[in-house]
Amino acid sequence: MAFQLTPVWFIALPLLVAFAAPLWVRLGLLMSMLFATPLVLFGLAVSLFPAVGDAPLLETIVIAPPLGIHLHLDSASLLMVALFNLAGVLFASFLWLGDTEPHLRGRGPFVLILLLITGCTGLVLTGDLFNLYVFLEIAGVSAYALSALRRDKTALEAGLKYLIIGSVAAIFILLAIVLLYLETGQLNLAALARDFGDIPAAMQGLIGLLLLVGLGVKAELFPFNVWVPDIYRGSDPAVTSLFSGILVKAFLFVLFHLVFLLLADPAVARAWLMALGALTMLVAELVALRQQDMRRMLAYSSLGQVGLITLALGFASEATTAGALFHMVNHTLVKMLLFFVAALMLRRFLSLRLADLRGVGHAMPVATALFVLGSLAVLGLPPLSGFVSKLCILKGFAEAQAFWPIALILLAALIEAGYYFRWIKVFYDSDPAAPQCRSDDGPAYLPLVLIAGLLLLLGVAPFLIEDWFVQAARALLGRGTILESVLGVQS
Amino acid sequence: MLEFLDSPRVLHGIYILGSLTLFFIGLYGLLAKRHLLKALIGIAVMELSVYLLFIALATSPGETAPILADGLIDFTGMADPIPQALTLTAIVIGMAVLALGVSLAIQYHRLTGNSDMRAMTELKDS
Amino acid sequence: MHAIVDSLAMIGISYVMGFLFYGFYRQFNARVQRRWGPSLWQNFFDNMKFLLKTETLTHGPMFFLGPMIIAAGAITTVLFVPFLKDSDWLQGFSEHGNLILIIYLLVVGPLGNALAVGSSGNPFGVMGVTRGLTRLMGLEVPFFLGLALVMLQHETTSVHAIMAAQDGLAQWNLFTNPIAFIVILLPFIASQNASPFDVVGAPVEVYAGPRVEFGGRLLGLLMTQNMMMTVAKLVLVVDLFMGGAGNVPILILKAFSLFLLTASISLVFPRLKTEQTVDFFWKVPLGLGVLGVIATVWLPWGA
Amino acid sequence: MSLMIKILFLAVSLSPALTLSTWGESLAWPLFGGIELLFDLNPISAFFLLLLALGAPLVALPMLRGAPDRPAYALYALLLLGMQLLLLAGDFIGFFVGWEIMTWSSYLLLLRSSRTDLEGAQSYILFNLASAFLLLAGILVFHSLTGDFRIQAIDQLGGPEPLALAVLFGLAFLIKVGTLPLHLWVPRAYDQAPDIFSAFLSALMSKMGVYGLILLATLFPEALSGLLGRLLNGPAAGYILAWIGVITSIVATFKAISQEDMKRLLAYSSIAQVGYITTAIGVGSSLAIGGALFQALVHTLVKLLLFITVAGIILQTGRRRFNDLGHLIDRMPISFLAVLIGIIGLAGMPPLPGFAAKYLIFVSLIDARWLLLLAAMLLSSTAAFIYCYKLIYAPFLGHANSPEAKTATEAPWPYLVPQVILMGLLVALGIFPGFGIQFLIDPVLTALGLAPIGAPSWGELATPYGGYDGVVLMTVFGTAFALVTGGFFLLRGRMRRAGSPYDLSYAGEVPTADTPLHYGAGMGRELRRIPLIGWILLHTTTGFLTGLTRQSLAAAGLLGGFYGRNPQTWILLAVLLFALALTLVTLTGGAL
Amino acid sequence: MYHKSECEGFQCEQRMLEESLGQENAQTGLVDRLVGWLRQRSLFVLAYGTGCGAIEMRPLMTSRFDAERFGIIGAPTPRQADVLVISGYLALKTLKRVIRSYEQMQEPKYVIALGSCAINGGMYWDSYNTIKQLDHYLPVDMYINGCMPRPEALIEGFAALQKKIGRGEPSGFKRYRENIDWYKANQRRVLGENMPPDYTYDWYHAGGVA
């Protein structure tokens, strides 16, 4: 039997690698496996793009859908999988090269990180509602544990808080799943999509709200995102990059995947989601103005970007969706860059408070320069990739003659500039008290520079991977295609 | 005398009521109690209420457990097996989460001597 | 050759007219004050005395160059104002210039001199210069606005063309555009540094102002250029509002009558403070000018 | 090594000149999804590129002094890249890309100064980003109107979109040029930027706003008249723009007079000068645009000259306030000459080219019959004499007021070379205004579809309203000056140089070093007693902006209250919202 | 009180006047005469009232006596003035300023001593802080006697000065320059520490060119 490239490997491989951890420890290959696994999967994902462009790949486990469990790999989910694995590669290389603290290098974190990636991959791949719940909990548990990894007061507090709020969200989602099953007798997403219209309107509303609250908490939408700054503040900055880079993206994807799939006419939810997105964006950006701790600031900035993506995805036109997917990729890269810089600074200065980082630009020129680059990309300034994705979104709105989101997005970007540039200014303050000795530990910067290069490349030549996003947007919005590919195969 | 309880509507109504009650008890525990373990118990109770709802509503009175026993070839009259399978899975997952939560809570208590949720203010800023 | 003779003639005429007019002014002033007053030639004597001083103090090269710049500016101004209408003579280089250029040339010299005053290091002088510039700021706006009304009326900035358009007495801009003349009249007096707008050189208050450090021949040069500049301004207004002049006697007559008018006004009013001056110019002549603009441009019967 | 870097840097600074001289085919760069960046050189952008090509190496030269500042060099190269992109762009996306690169790289350059404070840096970047985002919004409106990003006139003029487009673009560019209520960042940035870089900011970056304004005019058929119709003899939309420009220049002029710091004074003067350009663009006729371009050219040269000179003074003395300087004329003669030429150009005095620019603008205002604007513009242009005088008096004349000013020496050669070049250019352009018209201005006017002004000879500036001859003017003035000076020496008697700077007529008193003789910073203070000026100087827009900042911070604090620290609050919030939404949904009949 | 040298008080002045009178017959050229004629028509008087005599200057300048008809007019600063009128008693404090003003005037310049106080101390002959004889400290070109002299006398004095100028006679400023050491010694004797700084008169020693 020839080795088959099937979606199941995206889930199976990291799981296998994760559970073989003792072996890697013995062989001394722990870090290299952590690095190699997502790298292999990333390569696999990239190689699958052409194939998936033609028709989605379905991997059936046990029985064919809608009865059985299946994995659904279309352009959109493949894009997310590739993104998660790329983030995994970058994260692993940062851990590997960066000589990070021991609590990030043991067997526990190894397993947890792979599990997190698995969970997120599963979230976007699964075609089954209950599987979704399972992967959601896998991702959740590994995230709670990762958050508390450092085992000190702040980390434990963050982990506990995360666990509590995450569990409550999971209960909401579980309830929604239960109700859905009770109403339709289906768990397969495609079949659910077919039958969802038949449910009574009041029940539709209840289920929708349950899902909205549950996924809203997970995907960090205002006003359900009040927990985010605390968790980001308490966790290790490097780990936080995973939360902001992978976890949120997976949940956002799930939220919109469900919305686009279940609702025959997404216009119903458009107003809700766009309003939530706009609120999330504006509130987060405003609150970020006053933050004194870099992790908190980045957390709010992350929320702001989530709001922007929600706003764009909620509009549900092809252009904005493609732009939003592109923006997801950019945001993952940027936030990883910024949180890595934060990790490096934290290690050097033992604090990430604004007042303690005065003049850091003279002590850590490369790190600060990378921070500046990341900020520019977050703000969507050319020639970095953030600009292209934002432009894509804005152009989508303009083509649809919707001008109020444009105004809000630009206003939010202006507010965002207000705090990012305040930090940059303080970084470059000439403070005689600031440590003057320059030290840049070389290899740790490698993944950072790689990210920066990617940001620049995508900003200058986005046409290289433009097709991916367009196809992904089509796949995400193409409810009919999904129904046909899943149910049509079965019939 | 209690015949009417056998009608699915009534039975389901009672189950719904019961699980809702359980849900709100859990929620109350989560919102009103400050002890970490009590909060975790609250979460567990809420989860339980959902399981209960699921199992109860997916089963009508008179249906048997969906177990393939020897010689059983007639599948009618059996309860829908999927909810039960799913609930089992969910219970396992819930267990894991709870265990993680409790272990974190214990570690937190050991480290700080504190188990009051509202006293967790280490992360305050700005 | 023609140009050289012409230029020398213009310089000569403006100088002679200048000291005679100023002599007249002083006598006129004395008569108003029931005095006998000096002779008509008194200004000539004063000027000569300064030019013949044997000692002149300077405060450095810029101090020396200032009076040279102002004198050269005055000569340039004179040469760019056409003295006569329809004549080859007394034209200078006026066909290469225009009204706006002349207005700016009028301030070239004073600004050059201001450098010299600053260079002297005397704070009173600089105070005087500041006052002068402030007054300039006040007077220039209505002055230029009045002239702009004339330029708009004739749709040109060329003094020649404006002069040529005023054929007879009835076509004088004084009569066709009286509001413009009224607007520029008081700023014109101020630009001559005459009372009541002469606080710039208040002798007691700021110790003669810009001229505080100048003595000897440098002061003589300043007096010379002042007389020439006065004549240039008078001739300019004659050109613009009184139809120019065909020959020198007419020119003197017209310029003298204008001078008489301005002298009569300046004799009977007491001195204003700088800020009063500016405020006055921005209220009364400028207000009149705005009314004039509304009347000529905005209202339907305007062109 | 450092020499190599310096040479490389100098070569980079010559890149605009290289682009200008060797640009051939147009270039296209496919960005994504139907957006293609087009780059081409047209006469309008060539004019502004010429300014850049001229200014960039002259600013780079003083930056070479001392040890190489590599980040600054890199950022400067980026800045030049951005500006060239902006100028060459044939579509708005390329324009925007260049605009943004320019914005952030200049911001980072601004941070290289140790004087930059948080407020200044923030106001710089926020104003400029606001400008950029307004521009982007305008671009999107443009896109929705035409379905394309290519810079072209829009044909459909109905509906609110064209007006919105004009307002958005207008605001964006007006922020960049620093017109009145939006000028707040200008003095701070020009004041706090590295001394040399201020020259670049004022001379070249503000011109990008001017370029934008001219571009805006090309978007509408018949320029600005296409927008709101005509008023008197000019475009009605332009009338508003012109008043904005004039009020800006009046207020900025009075603010400049009251400044006590050289660079702040220059900053306000820059605002005022660019205000004239705005006015002229508002008039929109051939003469006016010609005047605007000429003024842009002159202002570039003058501000380069003045800022570089002032940078030299600051370098040599370490002082920047008028009160701390004085009497540098003997110690820094070339700098003195540079400032002298600079202020003559700034004040628009003949025979320097500033006058030619003003002449064109004045004539165009008369031609448009906008005389009230003319009066207002004249007010600011005569008031400018006062700050010009202050600028040369306080540092160079009067009395040395600090130990540094007493011992300073002439600026080093990297500062002097640009000064000498710029002085030469200014004088040459003043003598030959016709040359500038014929070879620099007319191609742009033709490209804009306006009638070229034309020049009978190099020395002559000719308009339908008359003109003047720079060569004759200069000859007459020069001859008169030579004759007067020569004649002066023919008179009998001798000159005596004062034995001491304190040898003054001082009412019989002998002033000493303690006597306050230098009238530097105080100059212009008494202008406050004039009601209009007093009113202007009393009012600032700072209060509004600090208020805005305070309000948004307060809002941030208020909203930050949501993000509490207690998990129970979070859950309660979620549950309550859920209940609320559920009630809503139920009440509205289940519709989501 | 005074240091007695070979001459005293008015005698010194007399001797100096006689010396210059001796040169009266020296031929002056045509140009010098023309220049003198032009100069005499215009005298700018430094408006510096040192003592009670200043009150007599007002009627002289105003309508009743109208000195302007002789070309005599006030000047605000010493740089512009030709004539310094010492109007009455001269306190030591004022002397310093008078000397300073005189040295700031541009040559040719003239000094008129007005009233007996300026000539010989007058009623202040034994005052401790006025000078007794102005001509010890500044070269006087014209003395106008009286206490106080009336404006008519002043006019006559000015007229005499104008005649003197018109003849092209050498006047006090040359004397001051030639005898600078003597004048400075006298000034220093009464002013002591209060002498103006060196730069105010250094150039006299260098032949009048600083």
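We call the chains A, B, C, D and E, going by the order they appear; numbering starts again at 1 in every chain.
Assume a contact is a pair of C-beta atoms (placed from the backbone, for glycine too) under 8 Å apart; a residue touches a chain by one contact, two chains touch by 3 or more.
Being a predicted model, the structure only gives us computed values, none of them experimental.
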item: Number of steps on the shortest touching-chain route linking subunit A and subunit E; value: 2
item: Chain-chain pair with the highest tally of contacting C-beta pairs; value: C-D
item: Centrality ranking, top chain (CA atoms only); value: D
item: Label of the chain whose CA centroid is most distant from the centroid of subunit B; value: E
item: Reference subunit A; chain at largest CA-centroid distance; value: E
item: Distance between the centres, which are taken as Cα means, of subunit D and subunit B, whole angstrom; value: 69
item: Subunit C and subunit D: spacing of chain centres that average the CA atoms, whole Å; value: 35
item: For subunit A paired with subunit C, centre-to-centre distance based on mean C-alpha positions, whole Å; value: 78
item: Distance between chain centroids, defined by C-alpha means - subunit A, subunit B (Å); value: 29
item: Junction residues of subunit E - those touching two or more other chains; value: 77-79, 104, 208
item: Residue list for subunit C, restricted to those that touch at least two other chains; value: 52-57, 207, 212-213, 216
item: Subunit B residues counted as touching two or more neighbouring chains; value: 30, 39, 117, 120, 123, 126
item: Touching chain combinations (by label order); value: A-B, A-D, B-D, C-D, C-E, D-E
item: Interfacial residue positions of subunit B with respect to subunit A in the complex; value: 30, 36, 39-40, 43, 46-47, 50, 53-54, 57-58, 80, 82-83, 86, 89-90, 93, 96-97, 100-101, 104-105, 107-108, 111-112, 117, 120, 122-123, 125-126
item: Residues of subunit D that touch subunit E when the two form their complex; value: 494, 496-500, 502-503, 505, 507-510
item: Of all residues in subunit E, those that touch subunit C in their complex; value: 35, 38-39, 41-42, 44, 47, 63, 66, 68-71, 74-80, 82, 104-108, 208
item: For the subunit C and subunit E complex, residues of the former touching the latter; value: 26, 30, 33-39, 41-42, 45-46, 48-49, 52-57, 203-204, 207-208, 211-216, 219
item: Touch list for subunit D against partner subunit B, complex; value: 560, 565-568, 571-572, 575
